[in-house]
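Down below are the structures I want you to see.
In the two assemblies presented below, chain A is common to both, partnered first by chain B and then by chain C.
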Partner chain A sequence: MRLTKFILSRIMVWLLTILVGITVVFFLQRMMPSDPIETMISKMTSMGTNLSPEALEAMRESLRRQYGLEGTLFEQYLSTITRLVHFDFGLSMANYPTPVAQMIGQALPYTVCLLMTTTILSWIIGNAIGLLAGFKKNKWYSKTLETVSMCIYPTPYFMVALVIMILMAYVKQWFPLVPSFDDFTFTWAWFSDAVYNSFMPALSLMLVGTGWWIISMKALSSNVAEEEYVNYGRMKGLTEATIGYRYVFRNSILSQVTALALHIGGAFGGSLMCEIIFGYPGVGQMVNTAINNSDYNLLTGVIFISIFAVATATLLIDLIYPLIDPRIRNS
Partner chain B sequence: MNEGYKASFRQIWKSMSLRFKIGLCIVAFFLVISFVLYWFSPGDVMALSTYKRNQPLSWEHPLGTNRQGQDIFWLLVESIHNSMVVGIVVAIAATVIGVLIGLFSGFVGGAVDRVIMFICDSIIVIPSLPILILMGSMLRGRASLMMIAGILILFNWPWPARQARSMALTIREREFVNTARFSGEGLFKIVCVEIVPHVLSWAMANFVNTVLVAIGSEASLAVLGLSSTTTPTLGNMIYWARQYQAIMLKQWVWIGSPVLATSIMFIGLFLTYTGYNEYVAKKRGR
Partner chain C sequence: MMRIENISAQYQTITGPVVSVKDVNFTINDDEIFGIAGESGCGKSTLLKVLYDVIQFPLEIANGRVVLDYTDRSGQRRTLHSGEIKRAWWDAISYVPQAAMSVLNPVYRIDEQFYELFRRHRKGEGEKAMRDRVVQYLGELDLPVDILKSYPHQLSGGMRQRVVIAMATFLQPNMIFADEPTTALDVVVQKSILMMLMELQSRMHNTLVIVSHDMGVHYQITNRMGIMYSGSLMELGNTEDIFSNPLHPYTQMLIGALPKVGDKSTREGIPGGPPSLRNPPPGCRFAPRCKKACPECSQSVPKFVEVAPGRFAACHLLGK
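Let's look at the complex of A and B:
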């Protein structure tokens, strides 16, 4: 009974988060001083298309209808929500008349693979190093590791990406400047080629991600390592490995799981930047196309998908949490 | 009097960790660049063909000139100035708004509290970069830097609000707040006079962190050409260097100097942030 209530309340939060997200995007878009339709029309006319004023007016009408810009603000708001909930983002302007949902569907697997792999790998590596650095905080390697991560973490992501790209693709031609992927086949050759092509983007994402996990895990575990029960364990004659795993690790990993949930939104933003800079063919690359073509339907679609994906990932982590924290499980 | 100040200053300086000192020095260095050196700038740094193109480093042009005939050094100084201003404006506004809303929410409690905290959580969870990109691409170049700052404030107030709220929850149970309440003080006055000093040291730390986040977000947008394209900021400088193929032409100073400046500035801000947190924790006796 209590479990059902817990799950239901989390699902409510999930729904409401998505609603708040849509609301923020909707009203911010309406507050902007520029009119997307006028932008689009001026873009078309500047390309040399000659249209009579009547034709222009008709086009304005049909575009307004297509973008759900008819009626009062409240009506627009309701219709936007109904459309988005059905994953109907309209047609793309850049690739007219491909539906936006279809374009996102093609790009999303690339982004999800890149983002999942790098987030999980850097979470595991960062926490392992952080645990070591916090548990053995007076050793020279702990101090070196912390200093290095303190220098990498605050650097804005695109700087790291640019430096990696310049070093590994311009100065030394180790990796391809622009990653390219063949059509998916279930062969070893395809996988190794994919890993080779996505190495630079993945490396840059992991460098920045790992830095944060090292810093936070180090702070947490060095606090835990000073607790009384750790001393007690030591006096009981437990090995350092047992203390490290059973006492320090188990106690400090809990807040790292919650932190992972809060981190996913930022990681998604990072992977967008990554894909734009490296030209990786995921959602970020599509955002780049959308920016260059003023394709607002595509952008709105990507934003909705990202809000949806991040909220869902947070929900999943929230639901997993009781499994690893016995205090919540038993209460 | 003067001697006393000097002595206590020396004492504070001594009790700081090395990390905090390095961070403070770096931040001070960049503050001097952006608010003192900036005023010696020789006019419009963005103007094209002011000087000879592609000059090497010299006394006249400390970092040389680029392919557009702009002096890289003064371009960099103005970029640092503008980035710093955006960071500070966003940090002041977001911290003040966040702390006030958080304290208010913690004190009032009940349904109001729950609604405010829910909105905070949602904004924290929602990925902000795609939304910033949408806004930037709608404004396309016509965005003024302050408009970008306004949007950044919207995404940065929830963190301080959350923290201030949890502080308010512990503080409101203390004796002195009850005393103030029973002696007939209004809620607003209690918050301002009794509570804000307690939150101040935390708010300072948050301020430094928000400066970092705001400069970083603006730079991310600017690198994509979505912030103001006519106002030089650190990201904007990288954007133009990339647009004019600085990497292909091997003009490393042009693209390298803003990259290096941003990295050092961020490390400085981050060291100040963590160092200050440590310092406050030590002063509290932990």
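Let's look at the complex of A and C:
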């Protein structure tokens, strides 16, 4: 019963997040000083197209309908919500008449795969190293690892990315400067080629991400390592491996799971710069193009999908959390 | 049996070592409840750490050693010294800590925490036997079996303390050290926990060493006891003798301060406070507060000597 209540409340939060997201995007666009349709028409007429006033009016009318700009503000708002929850984002303005949904559908898997792999890998690696560094904080290797991560973490992301690019694609030419992907086939060759092509962007994201996990896990686990129950565990004559896993790790990983949920939103934003720098064909790259081309439909679509993806990932982690923390499970 | 041979222990600080246990000599026998009494900061917890061999920076042994003599499960006599006593942890000696409220691992059920001890110290006795033993043992202690499936945060403070005691005694160690096992509990729970400790001791015939600032606790449950003041033992002997005939002025004043049923006169406290361990007074450390102090007391440290069979005290007045 309490479980159902817990799940329901999390789903409500999830729905609310998405609704607030849509609302903000909707009103933000309406607050922009330029009218997208007038901009389009003036662009067309300035290029020398001569149209009769009736034809212009008809065009205005059809464009309005197409972009959902008919009726009062409230009607527009409702129709926007209805369209968005059906994943109908209209047609791209820059790549007319390709539907936005189709464009996103092509780019999204690349971003999701890149982000999932790097986020999860750097979470695992960073926490493993951080645990070691916090639990055995007086050992030389712990100090070395911490210093290295302290140096990497505050470096601006684009610096890390550019250094990797220069070293691995220009000086050494180990990896292609611009990744290219063949059409998807379910073969080993395709996967190994994809890994090869996305190695540099993945490495750059992981270096920066891992640094943060190492620092935070080190701080957490060295605090937990000083708790009474850890000390008492030693006095029970338990082995260091047991203390490390059952006492320190299990008690410090809880906050790291929460942090992972919060981190996913940030990771989505972080992929924007990564994809632009490396020319990786994902959603981040698409946002860049959409902004440059004033492609409002594409922008709305990408923003909605980002909100949806981040909210869903957070929901999933929220639902997993009680499985690892008995105090949440029972309250 | 445990012999404490001339132990001094100190804490390293930035301004130099602070000696908090000084020249302590005594023996804890098999099959007895031994009490260590003293006010806060007199070094009783430090002494217990030294006895249990938890020497962690900044604590260090400056002098002397602790010798543990015991018969292990296979019936063999073993002798361990300070630094080796760790090897017998939980197998031959166990510890009930001061803050029993927060010593259970918050993310595991109580049964898991019992099993983890079993798996470490009784390898190869089988999972089934282990589960049965835990359930049976809780039954013997009159603890409800359903606490095994609880997490520590679901139990009350008194119950957690009982669980910790159950864990410490589960593998039937030869010696159990309890550091203020009843502090932070209300009087009713205190009593039942003391009864539990006494009962366990009389059933297992092992040794229980109990540290407490509460003279009432010592009077109720210990067979022999030592009185500590400012890092040294002042008096040691059978608990009954100490209460009926205290020899050292400090003990006399401590006992004089205890309330008695039917006696309505105002109790007298001991004026002043214990000296700083960083900069202790010369001679007897109790001299500045002692009503019977003579000039000699502030010049030389009295020896801790056997004044009657099994009765030790450190006071210049006793030789006269």
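Simple rule for what comes next: the second predicted complex is superposed on the first by the 292 of 331 C-alpha atoms of A that agree within 3 Å, B and C clash if a C-alpha of one lies under 4 Å from a C-alpha of the other, contacts with A are read in each partner's own complex, and residues count from 1 in each chain.
We take it that a residue touches a chain if its C-beta (ideal position, glycine included) is under 8 Å from a C-beta of that chain, and two chains touch if they have at least 3 such contacts.
Only a predicted model underlies this, so the values are computations on that prediction, with no experimental measurement involved.
Upon superposition of the two complexes on chain A, no clash is found between chain B and chain C, which fit side by side. Applying the stated contact rule after C-alpha superposition, one finds that A:T239 touches chain C and leaves chain B untouched. By the touch criterion defined above, A:P176 reaches neither chain B nor chain C. Of the two partner chains, chain C is the only one touched by A:Y229; chain B is not. By the touch criterion defined above, A:N251 reaches chain C but does not reach chain B.
When the two complexes are overlaid on their common chain A, residue A:P322 makes contact with neither chain B nor chain C. When both complexes are overlaid on chain A, the residue A:C151 reaches chain B alone and has no touch with chain C.
In the superposed model, A:P99 lies in contact with neither chain B nor chain C.
By the touch criterion defined above, A:G279 reaches neither chain B nor chain C. Between chain B and chain C, B touches the greater number of residues of chain A.
Using the contact criterion defined above for the overlaid structures, shared-chain residue A:V24 touches chain B, although it does not reach chain C.
Once both structures are overlaid on their shared chain A, chain B and chain C have a minimum Cα-Cα separation of 14 Å. By the touch criterion given at the top, residues 227-229, 231-233, 235-239, 242, 246-247, 250-251, 254, 324-327, 330 of chain A touch chain C in their complex. The touching residues of chain A, when paired with chain B in their complex, are 13, 16-17, 20-21, 24-25, 28-29, 32-34, 36, 39, 150-151, 153-159, 162-163, 166, 170, 215, 262, 265-266, 268-270, 272-273, 276, 287-288, 290-291, 294, 296, 299-300, 302-303, 306-307, 310-311, 314. By the touch criterion given at the top, residues 52, 54, 86, 89-91, 94-95, 97, 99, 102-109, 116-117, 120-121, 151, 153-154, 167 of chain C touch chain A in their complex. Taken together, the chain B residues at the contact with chain A in this complex read 19, 118-119, 121-131, 133-135, 137-140, 142, 151, 154, 212, 216, 219-220, 223-226, 238, 247, 255, 259, 262-263, 266-267, 269-271, 274.
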